[in-house]
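Handing you a structure now.
Going in written order, the chains are labelled A, B, C and D, and every chain counts its residues from 1.
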Amino acid sequence: MNSVWEYANPKKFVQTTDKVLPWVSVLSVVALVAGLIWGFFFTPDDYRQGSTVKIIYLHVPSALMAINAWLMMLVASLIWLVRRHHVSALAARAAAPVGLVMTLIALLTGAIWGQPMWGTYWAWDPRLTSFLILFLFYLGYIALWSAIENDDTAADLTSVLCLVGSVFALLSRYAVNFWNQGLHQGASLSLDKEEHVADVFYYPLLICIAGFVLLFIALVLLRTRTEIRARRMRALLARERMG
Amino acid sequence: MMPELGKYAETVLSAYAVSILLILGLVLISLIRARHIKRRLQEVETKAKKHG
Amino acid sequence: MIALLVRDLKLAMRAGGGFGLGLAFFLIVVTLVPFGVGPESALLAVIASGILWLGALLACLLSLDRIFALDWEDGSLDLLATAPLPMEAIVSVKALAHWVTTGLPLVLAAPVFGLLLNLPTNGYKPLILSLILGTPALSVIGTFGAALTVGLKRGGLLLSLLVLPLYVPTLIFGAEVARRGVAGLDNGTPMLMLAGITLGVIALLPFASAAALRVNLR
Amino acid sequence: MGIAVSDLAVARGGIKVLEGVCFALEPGQALVLRGPNGIGKTTLLRTVAGLQPPVSGRVEMAVDNHVYAGHADGLKATLSVEENLSFWAHVFGNKDVSDALSAFQLTSLADRPAGALSAGQKRRLGLARLLVTGRPLWLLDEPTVSLDSDAVAMFAEVIRAHLSRGGAALMATHIDLGIKEASTLDLAPFRAKAPEPDDFDGVFL
């Protein structure tokens, strides 16, 4: 019993996360507070974007986590389909709303940033559009989970949707790039240009990214525990009804 | 204390406000649901043990 | 397999709605658009191909929940699942029957509706071509959505929520083919992409649909 | 030809309902499953038919050997009796439906749409489907629902003929069909024991 799969046992998972969760939570709060305060109060303005450059500390980490959350769900779905570990399916379920909120933050901060920079809240920029589509995928995934009563059926169907959705999300990303290549020629209007980010912006950004990653882990652990308990509760209630 | 945000003060502050509110909301909902489910499960478990 | 296709087509003909309903919906969308955007023929000519693609997509969406729902309710789906047909073949035939009853009539009617929307003459060929290439993908993807939601009581709305994001690439490339055709630009690349998507989903998605259907039947 | 079920456990809605089910069926035999409502007769039949996976245990039989008939008949209201039957005949690779029609006295109704049949006639049509499949093993879930006594006798006759041709039938029914060859399996002893509530294990219960 010394493999990773040991933690796929619900009881073992709950026991382990009992110890891990407080540490992750505290670390994520520390990193987030430190990174955001550093970024907000102690970094200079960009010569072109002015103080709006400070939005980068929220926008880039949330956008990263929006994609990584989906990747994590994809991996968890695959583990469920192949190895039938219930915790894996429940972790995917637990991660979806976190990913949804991350996508929403990325969209909203992007739109708010776009208003002074592009003169409009919304432009059908390929990146923004892709995130809007990703948002729809999250909505569909969550809706399918909540619509199906039987837990195993729901886990199977959402896993299949996650696999198919991933392929179509990639296709959409490519399609959207193709579709809008002509409209925003030349001028790079995207926030995400880490390559050009100077060191003054880079270090607080790294800390913020770490904070978002830790926050995501903490939330997923917490929510997975809740899902495990809810699942056990439903099983107990069903057992009672069976007599 | 407040840094000089210039003409973009509103933009930056609203972005931070929206994001922090959303994160806090998500954390709060997750915590409330975690406590709620934990309590319900305990109730169901004690009941199940009583009836065998 | 042929027997299943023939039966589904027969049922669509006899139930009355199969062929007509999607077309009528398409017509209504096309009629309503000028009311929404104004009657200027120059404007309509610009957006005609996009409207026709959107209308075809929505008309297709309308009939998706019927692909499996009726067979599910009367128990035929259980019996088909235990019949000597692989589930992948069943979902493929169902998708084909859906395309013949909705996609094909839409393709055939599109030129007439193009007239209503003042589609430029050089736009007809690329529009029809893109619809022929693209609508099979809509049916196959829709069949996947229908397989996911077959057992659900209020599956209709959920089905739209699941399927519409999956339609994005098809719609983008399909409408792009038609739009570039109208503008007289080279539309070879989107055409190839569209054909690639359609062939890809026809080849691969039935496996996912069959898996979903098996899960829903147990 | 036959079927052997060993130590089978089946679940409904994620909850184990039956465990340790063992039986075997040879050509020419029929087995009637009995037990109170909710014991898992339908679940067991669906598991044997391959519609759902067993929790544990094995079902051994030849592939493409069985045909399943559930609560619903799978009829299309707008198709005629004959069209309904010949569709299933084609699916199973056969053509002729006249024997099946006459066995259940449906010949005179052949052109009528299935939607215009009475409940008993629909059931007879659903059972006639078994004959056009040409499969030796029949898995039947409450086959006599809404049949009158004449039709039940008709059905018993069909079963007897099927058995004498070397077929086999596994069915869940409450009615005594008066078939001598049929043995009975009471499912009550196989009812799954509820797991201990403390057993917080891999499958939650």
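Please note the rule applied: a contact is a pair of C-beta atoms (placed from the backbone, for glycine too) under 8 Å apart; a residue touches a chain by one contact, two chains touch by 3 or more.
Which chain is which protein? Per UniProt: A = Heme exporter protein C; B = Heme exporter protein D; C = Heme exporter protein B; D = Cytochrome c biogenesis ATP-binding export protein CcmA.
Every value quoted in this text rests on a predicted model; they were computed, and no experiment measured them.
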Exercise for the section: Mind having a look at which chain is the central one, using mean CA positions? Expected result: C
Exercise for the section: Compare the CA centroid of subunit A (Heme exporter protein C) with every other chain's and tell me the farthest one. Expected result: D
Practice task
Return the distance between the CA-based centres of subunit A (Heme exporter protein C) and subunit B (Heme exporter protein D), expressed in whole Å.
Solution key: 15
Fill in the blank from the handout: Taking each chain's mean CA coordinate, subunit A (Heme exporter protein C) and subunit C (Heme exporter protein B) are separated, in whole Å, by 32
Handout entry: Separation of mean Cα positions, subunit D and subunit C (Heme exporter protein B) [Å, integer]
Key = 37
Fill in the blank from the handout: Averaging C-alpha coordinates per chain, one finds the centres of subunit A (Heme exporter protein C) and subunit D separated by a number of Å equal to 48
Completion exercise
In subunit A (Heme exporter protein C), the residues touching two or more other chains are 232, 236, 239
Practice task
For subunit D, jot down the residues that touch at least 2 other chains.
Solution key: 197
Exercise for the section: Could you check subunit B (Heme exporter protein D) for residues that touch two or more other chains and list them? Expected result: 45, 48
Fill in the blank from the handout: In the complex, the residues of subunit D that touch subunit C (Heme exporter protein B) are 46, 49-53, 64, 66-76, 78-79, 83, 87-88, 90-93, 129
Problem - Touching residues (chain side subunit D, partner subunit A (Heme exporter protein C)) in the complex - result: 13-15, 17, 194-195, 197, 200-205
Completion exercise
In their shared complex, subunit A (Heme exporter protein C) is touched by residues of subunit B (Heme exporter protein D) numbered 1, 3-9, 11-12, 14-16, 18-19, 22-23, 25-27, 30-31, 33-34, 37-38, 40-41, 44-45, 47-48, 51
Practice task
Please give the residue numbers of subunit A (Heme exporter protein C) that touch subunit C (Heme exporter protein B) in the complex, ascending.
Solution key: 133, 136-137, 139-140, 143-144, 147-148, 153, 156-157, 160-161, 163-165, 168, 171-172, 174-176, 178-179
Handout entry: Residues of subunit C (Heme exporter protein B) that touch subunit A (Heme exporter protein C) when the two form their complex
Key = 144, 148-149, 151-152, 154-155, 158, 161-162, 164-166, 168-169, 172-173, 176, 189-190, 193, 197, 205, 208, 211-212, 215-216, 218
